[in-house]
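As written, the chains take the letters A, B, C and D, and residue 1 is the first residue of each chain.
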Amino acid sequence: MAHVLGQNQYGKAENRIVHVRRGSARHEIKDLNVSVSLSGAFEDVHLHGSNADCLPTDTVKNTVFAFAKQYGIDSAEDFGILLARHFVDDTERGVVHRARVRIEEYAWERIPAADGGEGTGHSFVRSGQETRTAEIGYDGASVRVISGLRDLVVLNSTGSEFRGYLKDRYTTLQEARDRILATQVTARWRYGHTGRDDDSAPHWDHCYARVKRQLLEAFAGTYSHSLQQTLHAMGTHVLDHSAEVDEIRLELPNKHHFLVDLEPFGLHNDDEVYYAADRMYGLIEGTVHREGVVPVIPVT
Amino acid sequence: MAHVLGQNQYGKAENRIVHVRRGSARHEIKDLNVSVSLSGAFEDVHLHGSNADCLPTDTVKNTVFAFAKQYGIDSAEDFGILLARHFVDDTERGVVHRARVRIEEYAWERIPAADGGEGTGHSFVRSGQETRTAEIGYDGASVRVISGLRDLVVLNSTGSEFRGYLKDRYTTLQEARDRILATQVTARWRYGHTGRDDDSAPHWDHCYARVKRQLLEAFAGTYSHSLQQTLHAMGTHVLDHSAEVDEIRLELPNKHHFLVDLEPFGLHNDDEVYYAADRMYGLIEGTVHREGVVPVIPVT
Amino acid sequence: MAHVLGQNQYGKAENRIVHVRRGSARHEIKDLNVSVSLSGAFEDVHLHGSNADCLPTDTVKNTVFAFAKQYGIDSAEDFGILLARHFVDDTERGVVHRARVRIEEYAWERIPAADGGEGTGHSFVRSGQETRTAEIGYDGASVRVISGLRDLVVLNSTGSEFRGYLKDRYTTLQEARDRILATQVTARWRYGHTGRDDDSAPHWDHCYARVKRQLLEAFAGTYSHSLQQTLHAMGTHVLDHSAEVDEIRLELPNKHHFLVDLEPFGLHNDDEVYYAADRMYGLIEGTVHREGVVPVIPVT
Amino acid sequence: MAHVLGQNQYGKAENRIVHVRRGSARHEIKDLNVSVSLSGAFEDVHLHGSNADCLPTDTVKNTVFAFAKQYGIDSAEDFGILLARHFVDDTERGVVHRARVRIEEYAWERIPAADGGEGTGHSFVRSGQETRTAEIGYDGASVRVISGLRDLVVLNSTGSEFRGYLKDRYTTLQEARDRILATQVTARWRYGHTGRDDDSAPHWDHCYARVKRQLLEAFAGTYSHSLQQTLHAMGTHVLDHSAEVDEIRLELPNKHHFLVDLEPFGLHNDDEVYYAADRMYGLIEGTVHREGVVPVIPVT
């Protein structure tokens, strides 16, 4: 019986590009990891070993580097949109129907001068806090932009409880009236922007900084009855104050901090000494979206 | 404007369980990493901080360990099905509508005796080759079983070419008539089994061993015009010879091995000396499925 | 023929302790990863399976957590000194002759309020830049403190050349008059402090902040003829301006940024577009110490 | 006050080389990760930015690849010795006084044919069990060869106890009469071979296979009163039966497997269900050497 080739895609992953803008003595750098996936009319490549419609992944890589020269990198999102449009619109014979560009961005800060002044203008230290992400999709008609971040680690040392939960035969957990709540935030949010007609793009870097700040604010500002509730508050806070965003999805591992039992040593642990556990961990995931919008950020 | 809580799920991730069957002097071990995600009627938890319908992730963890005692672990798939059914069917008030259980399994071999004989019966060395994976879904009606593996690294030192491809302005790649083809296989295949009525389950461990062998056979046995073609051959070979499997998806990074230019040193590299590159890398992904079947393995 | 038990040590590694100081509404947290190794009179444990002189690693772990309660954690170094002294001085029958305590510290910043104000006093975000390290040794007489950091990634986008080097049959490298210089700093510096008599300890946290700043300053401020020269300038700068430090060792991988050849596409790369390579990489290591001091930081 | 340049070294790290021997239809591959460090008369490079005595790390890399062509790769140790001798003996003006070559080797197995027969002769699957290591030192007079392995994970499901240990105020551990003993072996052993005069080299690959087997045998065959005792038994067993080896050092993290308390669920855990913990972990390290030999494998 015949088999069918289903969804398939290919491209060059993890193109590590650093772009330096040297216009003045004060350089600007962008440090990206760019992964491109193309899908389209590639049956012949898969089924018959004919590569006539196969743009090599090496060419994909070359294009990423050449585009950085030709167009600069205003933001990860702008750069990804340029690339996605190119592969679909410009590849010969229209063999590419959809392009997906995923980008990670690593932030750098300037090294200040010894006297706290401005420094050299060309010296940087990697900030290391979170990794910024962007995923751009383009199908020949409209773009879809999902921005995000990962590895943003946050902790509230009070203001969190977990009580009143469902109990069954296997429940042994004691209720907690005051606990540490810590998580490593992965967030992805989709912009309403489609790139059609007169739909002008938001300022991606400003939006990013604002959404990150809103996530931190909501985490810090929410008295938590559960990590689920905190997740929902974070998502809602972004939608409330970032009009460009239609949908946001959060993945929040519960980084458990267990109070250490010091009674065997004649000591009382007055919420001071915790053991930070690696595994197992609770994992809370969820999407919050505007009414009337069809959520599309995929579940992982 | 009101916002909507979309897809959400929660559970305990990465429960690292080792089960020892000690019936005889010849012990058997199963070494699993079990992650459970539950979705259902959790609006109150997210929106109102009410945990009355929230089964704690700590209880989820306890259940995983208790079930290992109560039912043993015949295979990752069997164990995952038991757990998924339990959370949906047995949780009070029917708050859990769907359960997803993801399992990684690490294989162990017996340490042989010094004389090559049978050894102690309780001494093991981890095989380390690939990690076996399983994902079980259950929605109260039927189960869905997606088994797989990752980190299976394979290499053909000849029998691979890449020529006749599409060229554009950014193409510089030279055609290759004989190259090393190497990849790190991630495979996921979905069984036709649904757990309904008299649909008896396959022998999961036998199926796993067979599919792994078929993937290796097809990789070794295919003269390759592209990694896409090799992917398709691998998927087709499994569907041809594993009747239980309806659909298979492969993710194949092209682990590039570049021939080193030794001419500057007065040496000719006669396909002997290669540089194994890390990044960038081609990434080829695709699904092959039986005709008439709706493919469901998600794109990552 | 008899064999001899040589250097041996044991302990509990990677005790992940988080300490919260709650004295006021403004909490303080310390987040450490503490590893303890003990050496001494443990021949009977190794040779005869007698554990009478073996303090369990579980007890070592308990001690770490109990000490955090009993003494607080002023700094990683202070805490390590307390622990090292305890294991050698207090363990029964004097079986522990030497203790080594290694600590990693993860820095946290406060989440500011929405209006830029002070925030909750109990909400933190992990800074993520570098990991601080400390290694304390104690042999019953004096302490040795080696502090350090790792994963501090820095980059100069100009002000670096590499020319005039030794050439042999295998040399193909082109001289560089202007290149990106980037590295991921691992630094370890030893303090003169020995903990004997009236040798009062430096303020460890202040010293750490100062040395880190000096490393950044020297990296930014040095016109570089080689990464070796930059390494030497960084070490010298610390010794010049941190009187407490007797010796410093740096490990500097050369994170190569290669200029991409864009000529095949009719483009000229005017020092704008770089490819950041993973492997291979140059690795430069070296110690700088004060005259008359015997350097002891081990080569790795 | 003047500062002194202490120990320093540099080179190219992580040269990822794959060598294919194609003499017949049955190819042979060697897959290595080679890191070279050179030390010598490099004061001018560090202090004065003069590179006249600096062989570029790029040349070091070229040499690694060229040597694979010129001499083949009989074994990691043979290849490392050739390289170390070259850098010291052949570099102009004798600027290199000492060379250290570290090699990791990844093992590959052949993919068998579908009928269990011999397969293609050019198709391989990475074995993935342990990583083989070698460190070669050469100072112009003699070589020092330290071979080893890491990430060899072993487990005894019985035959291990831990009792009769030292107890102090912080001891809470319960004695164990029957526990799982599991560890991830890192081993390094030094050969007596010096490369001087008529000191003929051992067959490195045979020795490696034999020592690995002996480590496994001793782990499986030892009734354990402590991991220290098992370590000593493993070291002694190698020295007893591998005459070429003068010294061996083992690093054995205690991969704790904790029996899960199932009593709250009305279940009795009869040594069946364990939780495999990540951190904290005991860490046991030690050297065993022949009498009269000065041990030199460094403590890490």
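Assume a contact is a pair of C-beta atoms (placed from the backbone, for glycine too) under 8 Å apart; a residue touches a chain by one contact, two chains touch by 3 or more.
Keep in mind that what you see is a predicted model, and the values were worked out from it rather than measured.
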item: Distance-maximising chain from subunit A - centres being C-alpha averages; value: D
item: Selected pair, greater C-beta contact count between A-C and B-C; value: A-C
item: Gap in Å, rounded to a whole number, between the CA centres of subunit C and subunit B; value: 38
item: For subunit A paired with subunit C, centre-to-centre distance based on mean C-alpha positions, whole Å; value: 30
item: Sites on subunit C at which at least two other chains make contact; value: 15-16, 62, 66, 170, 172, 264-265, 278-279
item: Residues of subunit C that touch subunit B when the two form their complex; value: 169-170, 172, 264-265, 278-279
item: Complex contact set, residues of subunit A against subunit C; value: 15-22, 27, 29, 31, 62, 65-66, 68-70, 108, 111, 113-114, 119-120, 122-130, 151-159, 180, 213, 216-217, 219-221, 257, 260, 262, 264-265, 267, 269-278
item: Subunit B - residues contacting subunit A, complex; value: 1-16, 35, 37, 42, 45-59, 61-63, 66, 90-92, 95, 162-168, 170-173, 224-226, 228-229, 231-232, 235-236, 239-240, 247, 249, 253-254, 279-291, 295, 298-300
